[in-house]
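In the two assemblies presented below, chain A is common to both, partnered first by chain B and then by chain C.
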Partner chain A sequence: MSIKKPLLSVRDLVVEFNTERGLVRAIDGISFDVMHGETMGLVGESGCGKSVTALSILGLIPSPPGKITAGSIQLNGRELVGLRESEYRKIRGSEISMIFQEPMTALNPVFTIANQMTDVLSRHQKIRGKQAKNRAIEMLELVGIPSPDKRINEYPHQLSGGMRQRVMIAMALSCNPKLLLADEPTTALDVTIQAQVMEQIVKLQHELGTAVVLVTHDLGVVAESCQRAVVMYAGRIVEQSPIIPLFKNPQHPYSAGLMASIPRIRADKIAELPTIPGTVPDLLHLPDGCRFADRCQYSDDRCHQEQPNNHIKDNREVACFHPCGEVS
Partner chain B sequence: MSVLLEIKNLKKHFPIHGGLFNRVVSQLKAVDDVSFVLEKGKTMGLVGESGCGKSTLGRAVLRLHEPTDGTVILDGTDITKLEPKALVDARRDMQIIFQDPYASLSPRRTIQQTLLEPLETHKIGTAESRQQKIEELLDIVGLRKHVLHRYPHEFSGGQRQRIGIARALTLEPKFIVADEAVSALDVSVQSQVLNLISNLQKTLGISFLFISHDLAVVQHISDDVGVMYLGRLVEKATATSLYTEPRHPYTKALLSAIPTPDPTIKNQRQILKGDVPSPLNPPSGCTFRTRCPEAMDICAVKAPVQVEVGSKDEPHWVACHLFELPK
Partner chain C sequence: MEILQYTLRKLVTGIPLIFGVTLISFTLMVHYGPDKTYDLLGKNPTQEQITEVRHQLGYDQTFVVRYTQYLQELATMNFGYSDSSGEKVSSILIRTMPVSLALILPGFVLGNLLGIILALISAYHRGYWIDKVIMGVSVMGMSVSFLIVIIAFQVIFSSSKGLDLFPVRGWDVYSFTDYIHYVTVPTLASIFVSLGYNTRFYRAVIVEEMGRDHVRTAKAFGAHPIELLFKSVLKNSLIPIITRIMFSIPLVVISGSLLLESYFGIPGVGKVTYDAIISGDQPILKAVVGLTAIMFVFTLIINDILYKVVDPRISLK
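Up next, the complex of A and B:
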């Protein structure tokens, strides 16, 4: 990367959960940076730790059972791990905001949109009353809600899913955060509405210069809106790379398998979709070596015994002994 | 090819109660006048957004929802007219795979109990042959025999969906409704299950009604595809014809809304405005006109009729005023 200082810097982060069945290491030593104003995709399948990563940046890991046991998270050089709750509250919503997957449950059903939006503004920006409401209306207009001055007095149940997600975005951006964490923001929405909402996020990101971490399992969404992506598998980062080379020439066999198995509209029908054999390993019984080794067509003895370290080449990082099937 | 399933003018309206005496105040037209034909051993994909009535249609075909009007003819028998007892027998030929593999298996039953139940209900075979049958089924869906004594919570989503498929296959049905059968699965597992379904279709000759919101998934698995909007079928064609030459503005918008997994292509998106209108109060004329980029005056007045736009090999019809010739 360049000499520019990153906005967010995560180093060797480890998050563990104490479950009935034993200690689960949901995230096992991940490191990545987010630059000012960039959109970064955090990709992986269910259980790979992508949402836990987002929650730990915001200090929202439920504790107990969860705990950040090692590593650091720095926002503009300031350490966030171990911060007091009262300090964290000042950061959430003003410097880092989050959009959740489920717009139905993320809004409080017993308060109007106006109530919930002005609450954020009065807490972080010290503006109240009419002024706060006007600012909230401005934000709703920005995210493309028709007649925002009327809509603002409605309750969440009166809005459609797409509208609720827009309200969430408006609320998340109302204090001009430097970093927006979007956890599967469009997964619960229909494709036509998904396209509307993603367009809105990308547009606002350009206008306001907010850095966005887009947590998603949808590689199509990542390809269309991110500059860089981090691919996670079973609690570790397997590859991080700028978006074009990642899609053109994935280095890690898992990224390659993931790219190949996306169902996509094809000009000619194919007989069989490419798949990745097997399933994700149980986080309680992880293999000693590379976590993908059991499903990988290139794996050899070494992969089953040793954990691969990151190779860095041309802005790309890959944790694999045989990137792209190479025999070393 | 012979016809397996014929659906004629199928309607499913849900009464809405309200007012002082809880009378029926209006009808929610979840499925409104849908007709199509499914041939033996073929798969028809049904796509549309949430609330368009695609799941209701799938259930009405199996009479899991009692249809309000219309006929469903499966292999010569009119399903809608069957007495309860005859219906139970008819259900041997038609099964369903549900969306949520977590909710559709009973948590208190072992896989063996779940798989044996249909055979016991229909009194098929002896205890021994039943056992043999379910072991074969597990093999077909790619699970090992030792899973029989386990409970659903011990499996991953993909494995549960395989169990759901095995259950649907126990009675050797002719027709299966797959309602969002792969939507809850991760991509790498999703493609495994899709391959399984398309292999079953080829080897066992079962016809599928494959309901999904994902156009890419539907393309892979279907011979024919129908597009639904607010309870109506707006376009139906062979998969090839629909994806290469979509005619209805809604189908075009759906196709263009799919994010392309290729960062070098920046496609010119055609993004629809607004939301799907409430099915309680659908727009007059063509129900899509409120979001349609090509809406004309006539669209508000008259509902469009089906117009054939395909060829003999590639049948394709669309219900849109753009394709109706002026008289």
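Up next, the complex of A and C:
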């Protein structure tokens, strides 16, 4: 069997922002692949570069101040970095779609659902009028919106948060994208609705064969719906691994810290939920060595001086001198 | 139906507003206004003559009676005759208002349209040189006095030292070509002066709207910049834009063209009002002030109805 080609391949991507306080490297040389039809989690705390990664795949880094300064992003072997705007527009919404965190504000408040959905359809699928509207109604039905033929004529403010996010999903999938970027799709929703919406994404992904990059800080969601996860810390990837070994046996001390801090029912009662001490380093004043070293219980002199490279072992990649706490 | 009910309700709430404005303007301009008794009398008038004239002018009546009369005049649109020319006030207004409208409308419409378009371009390219150029020119336009602009434009377009294409003053309009002939320079001057303010205001509104999540969504779904600006962004920014435009209408129609009319010698409402203030011609002042108040109330109502048309989230209840 030949080696499967990835759908999306990100290599050594560097994204910098020109701020008033100086040049900030929000993403510092990250590489990962997304295979056809797989769900990949992109995990990390706020500010680690997850959303910037997703936006740079779509070429939507606000510029200025942001800029992709190095690296490559390939979709099916086609280079996206440096692609002309007019070419990129044809990809956005058709080959790669994105759903956003805030369903309350992500839809345009002054246009009906029908108007917004048929715009996307006529733009990419060249279908108009009644035909486009029927297709949009089909999509709404697919994402589980009751009486979609009536709902489609409503404005976003007439729908609940969960319904709006379903509309976003319907819109994102309406042109059969190969890749769906979901940026914290459930964070702003009620817990009960969260589960329903995630279920919907996973179900549709299986039906339509769309690959999904799920950007989230919610490890529970990742565990339930992803096959693989990439853990980011301060603009770098610290670990990427299939989901089961990642949760069972996290290699990077940061991943291990994250796993330990998930609230769950434990065999032995604990007085306090473990946390990772310290805070994320300021992106303007990054340490020379490993970025996690200051917060890491296993760190030694070498960790503070040298940046660890990726070790690849059994499908897993870890950027650490002491993976899983082992002392070399 | 909902809109009709709303309009009626708004009209009712507009009534106290009209009372308030007319009461204030009546008190200031009529009650404490110029006394014309001695203008109408000869030298050394007798006490009887004075009483006679004061009676004719209605000065001997109480405040309440005179104010009620004013309201009657407003309701019937019959303001009597001008003190200075003896012409019927309503016919003066009917004669001059179309002239003022014809003078001011092209500049008003173009000034706002161009302002919106430049603001959209500027906001879209925020921080780039094109934005900086547009904003710089706007500040320049705002900083130059209207008077200087009028005189400069007259020199440039109408004098023998300049292009000498248009008349310096006057309003001798019988055909569309005449109209273009006389309206061009005043229009250019008013566009030049209003454009800076308009562009800066609209740019601020649009920049705020450009930062909204739904704009990012539209981009993420491959919207073309033109579609993004003129559809997604513009309709969302329309509320402040409509407010600004609507609220300048009463001022523009009644008094906004005063400078233009006097410098270009155009017989419009602004000029008539100005002359009336100078000569203390109360019937005309009463008419203009009252009509402005009424127009404001109507503008408010139309403004609120337009909000509803533009933004479905606004309820008319």
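Keep this in mind: the second predicted complex is superposed on the first by the 321 of 328 C-alpha atoms of A that agree within 3 Å, B and C clash if a C-alpha of one lies under 4 Å from a C-alpha of the other, contacts with A are read in each partner's own complex, and residues count from 1 in each chain.
The rule is simple: a residue touches a chain if its C-beta (ideal position, glycine included) is under 8 Å from a C-beta of that chain, and two chains touch if they have at least 3 such contacts.
Here the structure is a predicted model, which means the values were calculated and not measured.
Asker: Look at where chain B and chain C land on chain A after superposing the complexes, then choose clash or fit.
Answerer: Taken together on chain A, chain C would fit alongside chain B, as the superposition shows.
Asker: After lining up the shared chain so the two structures overlap, which partner does A:92 touch, if you call chain B first and chain C second: first, second, both or neither?
Answerer: The answer is second: A:92 touches chain C but not chain B.
Asker: Of chain B and chain C, which one contacts the greater number of residues in chain A?
Answerer: B
Asker: In the overlay, answer first, second, both or neither for which of chain B and chain C A:171 touches.
Answerer: Only chain C is touched by A:171; chain B is not.
Asker: Go through the superposed model and pick first if A:220 touches only chain B, second if only chain C, both, or neither.
Answerer: First partner only, chain B.
Asker: I'd like to know which partner A:100 touches here: chain B for first, chain C for second, both or neither.
Answerer: second
Asker: Report, in whole Å, the shortest distance between any C-alpha atom of chain B and any C-alpha atom of chain C after the two complexes are superposed.
Answerer: Nearest C-alpha atoms of the two chains are 6 Å apart.
Asker: Which residues, counting only chain A, touch chain B once they are in their complex?
Answerer: That would be residues 45-46, 160, 162-163, 190-196, 198-199, 217-221, 223-224, 243-244, 247-248, 257-259, 261-267, 269-270, 272-277, 279-280 of chain A.
Asker: In their complex, what parts of chain A are in touch with chain C?
Answerer: Contact set of chain A toward chain C: 58, 60, 64, 89-94, 97-98, 100, 102, 105-111, 119-120, 123-124, 155, 157, 168, 171-172.
Asker: Can you name the residues of chain B that touch chain A in the complex?
Answerer: 49-50, 156-159, 186-192, 194-195, 198, 213-217, 219-220, 239-240, 243-244, 253-264, 266, 269, 271-272, 275-276
Asker: Where on chain C is chain A touching in the complex?
Answerer: Listed in rising order, the residues of chain C that touch chain A are 127, 212-214, 216-224, 227, 231-232, 235-236, 310-313.
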